[in-house]
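Consider the two complexes below, in which chain A is the common component and chain B and chain C are the respective partners.
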Partner chain A sequence: MRVELDELLFARGTFTLRGSGTFDEGVHLVSGPVGSGKSTLALLIAGLLRPTGGAVRRHGISSVQVLLQFPEYHITSSTVAGEAASWGLDPDEVLARADLVGRADDDPFRLSRGELKRLTLCCAIMQDPDLLMLDEPFSSLDCTAKQRACRMIEGRREGITIIFSHESAVLPRVDAIWEMENGTLTGLGGVPHAIPRWRHAPPYLAYALNEGARPENIRLQDAREALCRIRD
Partner chain B sequence: MIRITDLRHKLLDIPDLSLVARHIAVIGPNGSGKTTLLSVCAGLEEPKRGRVQILGKPPSAAKIGWVGEFPDRTLLFSRVYDEIASTPRFRHYPCTRADELVRAAAEAVGIVHLLDKKVSALSGGEKALVGLAAAVVDNPEVLILDEADSHLDAGTAKRVHRIVRESPAAHVLWCTQSMDAAAEADFILFMDGGRVRHHGTPDEVFSALEGTCFYPTIWRLRS
Partner chain C sequence: MQDPRLRFLAAAVLSLAAFASTAGAVAALVWWLLATPRTKTLPGPRVLIPLIAMIGVTALVSALEGGPGLSYFIRMTVILLLAAWAYAETREGDALSVAVWALGNRVGFEIGLIAEMGIGGLAVIREDIEHAQVAMALKGIRPGLRSIVPLAVTLIVTEIRRSDDIARLLAVRGYTFGGEICPEFRRDSKDLLASISAVFFGILSCLPLRDVFILLG
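Moving on to the complex of A and B:
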């Protein structure tokens, strides 16, 4: 299973997106500033936007899902349970995992933004597609929900997961890091080798690197362990 | 000063709270009432019971700059320039004055290059920045931001923090899920289940939250 970007080119107005590279099975993190093209890239990889040039080639992938940045864009039902069912999932199971038990009959728009995000994120992950793209999955979530989301992402046994995010406190274990800047996608390679090259590294990771530590992965606990090793 | 007395509204239950600090961060789990508190303080919702006074007057009489958590719901106009110009225009400022204010706000937020763009063509983070420029354009007395930073990368979030710090507003009420950002505030309210569980300086509040994931990441590394 893999996704290949072959000289992908997408132009709209003054904005141009370019990218080449291969997304293998595992968890990929794409980071980059606001407006750098992260969401556009997600839509291109999902086939929801047509490239101006080059191609997105998906090999051995039979199902694709994109979680959009703003959870309200996903809503098609007037109840939380109906919303879960619209993803083809068992509402009871979704509500339990999204920590929304007792909210089945509520209007999704009566949920707080974080609760709504929890719902759509759970649905997207529980659908378990071969290729899962998560656009800012952690925005609006509190730290407990972010940790739970990370465990769900890490719990995907197979398939390709691509996270587009600038989260800087709670991140999952990832296999590879990519950066978007001014529309250009750059692959930094596999973790841990990619970590010191990561310009958008969160403050705790930058701090650990600066102290001379070499974290194995990008989570806070990895930074702590690496620091602990050099301090002993 | 922001004074809250006997407030009962939706899940909010705040018997008595006086806030004198300028930069106030509101933190807490999802669904703890942060947005409801902010919208009552902004005068967007009238409390069922109790009273909120902002600078000695009801919120509806204060000049409030509001940046909501759903940028798509708060942006009214289709062109970025018109969105930022809405407050000066609603206040019947002369066109030249309105234009000066719009350009100054866009400059401060770093979105001059977006002024002629359609709002619908912007990225999520850019929409949040447009919302911020529209909120600060006419120097509000109180600036209220509801997780405006959750759509922003670290560099852009820093720029927003600078704008917030430099704004002449008497109070900035700022709800965030970034504890590293909250650690820089003058005062913190930690909400849980509609109540203010902890309030005080970042040191005071975070010492009560040590061992939870609400403790700032950098503090955890240094300890």
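Moving on to the complex of A and C:
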């Protein structure tokens, strides 16, 4: 199971996106500033946008899902339970996992942005597609919800998960890091070797690296453990 | 057309002429063919075709009930062409500048600001529709009658929320009523001729046809 970007090119107006590389099974983080082209790349990989040049090749992938940055766009039902069912899932299970028990009959538009994000994130992950792309999955979530989201992402046993995010506080354990800047995608490679090359690294990782520590992954606890190792 | 005052005048006069009669619509169509970049200002087929289809269905129903279906179709299509041209040529700040020029810094600014927000909102709605269609495609919902209701609900709710956010933002920044800008307008050499001809076509279309021939004779 893998996704290959072969000299991918996409142009719209003055914006141009370029990228090459292979996304293997595991969790990939595509980081980069707002407006760098992360959402466009997600739609291109999903086949929802047609490239201007090059190709996106998906091998051994039978199901694709994308979690859009703004969860409101996903709503197609008038109740929270109906919304969960519209993803082809058992509403009770989804509501329990999204911490929305007792809200089954509520209008999804009455949920806060954070609650709605939790709901759609749960639905996307519980669908368990071969290729899952999460566009800014941590936006609108508080720290606890971000940590829970990270655990859910890490809990995916198989398939390719690509996280497109500029989050710099709470991140999950990942297998590879990519950077997106001004429409250009650069693969930094597998973790932990890619971490020192990561220019958009969160402040806690940058601090750990400056101190001479070598974190094994990108989470806060990885930076802490690496710092503890060199100070012991 | 560079000068937004003349552009809005031409669009308003010709739209009224097209709405008033089929002859006015034909005159406005001739003007549109002569004075605008024509098809370059039209939206893409995904926007244009549904709009024309909606007009066509209404015209067909009208014709089947013995009404002036064909006339309605011609008049509304011409108004759509004029609106597409005016929208495509409108730049950010045009509506505010024209409203302040016409009605001053209090009432004009208020009306202009509302118009600017409305025009800006059209582009945002287009993006909202694209995103909602993507989300539906991901759920396997095909575009059709069954997808119209959820799509419309999403659009209405997001637009109301966005308007509420903007209103709060304006209030937080101390906005109460009116403002102050000094509008500046640029004018193309063809602007005056195009706008005078628009007014001429507009007046001409308001006259009964036989009176036109008497005038010309």
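In this section, the second predicted complex is superposed on the first by the 232 of 232 C-alpha atoms of A that agree within 3 Å, B and C clash if a C-alpha of one lies under 4 Å from a C-alpha of the other, contacts with A are read in each partner's own complex, and residues count from 1 in each chain.
In the analysis below, a residue touches a chain if its C-beta (ideal position, glycine included) is under 8 Å from a C-beta of that chain, and two chains touch if they have at least 3 such contacts.
Because the structure is a prediction, the values reported are computed rather than measured.
S.K.: After the overlay on chain A, what do you see for chain B versus chain C, clash or fit?
M.R.: clash
S.K.: Quick one: classify A:Pro196 as touching chain B (first), chain C (second), both or neither.
M.R.: So A:Pro196 meets neither chain B nor chain C here.
S.K.: Quick check on the superposed pair: does A:Leu48 touch chain B, chain C, both, or neither? Answer first, second, both or neither.
M.R.: Touch partner of A:Leu48: chain C, not chain B.
S.K.: Based on the superposed arrangement, let me know which partner A:Ser168 touches: chain B (first), chain C (second), both, or neither?
M.R.: Only chain B; A:Ser168 stays clear of chain C.
S.K.: Give one of first, second, both or neither to describe whether A:Trp87 is in contact with chain B, with chain C, with both, or with none.
M.R.: The answer is second: A:Trp87 touches chain C but not chain B.
S.K.: Check the residue A:Glu72 against both partner chains and state whether it touches chain B (first), chain C (second), both, or neither.
M.R.: Both partners, chain B and chain C.
S.K.: I'd like to know which partner A:Gly60 touches here: chain B for first, chain C for second, both or neither.
M.R.: neither
S.K.: Given 42-50, 60-68, 78-86 or 114-122, which part of chain C has C-alpha atoms clashing with chain B after the fit on chain A?
M.R.: After superposing on chain A, the clashing stretch of chain C is 114-122.
S.K.: Overlap the chain B and chain C contact sets on chain A and report the shared residues.
M.R.: In the superposed arrangement, which is not itself an observed complex, chain A uses residues 70, 72 for both chain B and chain C.
S.K.: Quick check on the complex: what are the chain A residues that touch chain C?
M.R.: Residues 43, 46, 48, 64-66, 68, 70, 72-78, 86-87, 109.
S.K.: Which stretch or stretches of chain C touch chain A in the complex?
M.R.: It is residues 128, 131-132, 134-139, 141, 147, 150, 153-154, 157-158 of chain C that touch chain A.
S.K.: Inside the complex, what are the residues of chain A that reach chain B?
M.R.: Per the stated touch rule, the residues are 12-13, 31-35, 38-39, 69-70, 72, 111-115, 117-118, 136, 139-147, 166, 168-170, 200, 202-204, 207-208, 220, 223-224, 227.
S.K.: Which residues of chain B touch chain A once you look at their complex with the stated criterion?
M.R.: 28-31, 35, 69-70, 72, 121-126, 128-129, 147, 150-156, 177-180, 212-214, 217-218, 220-221
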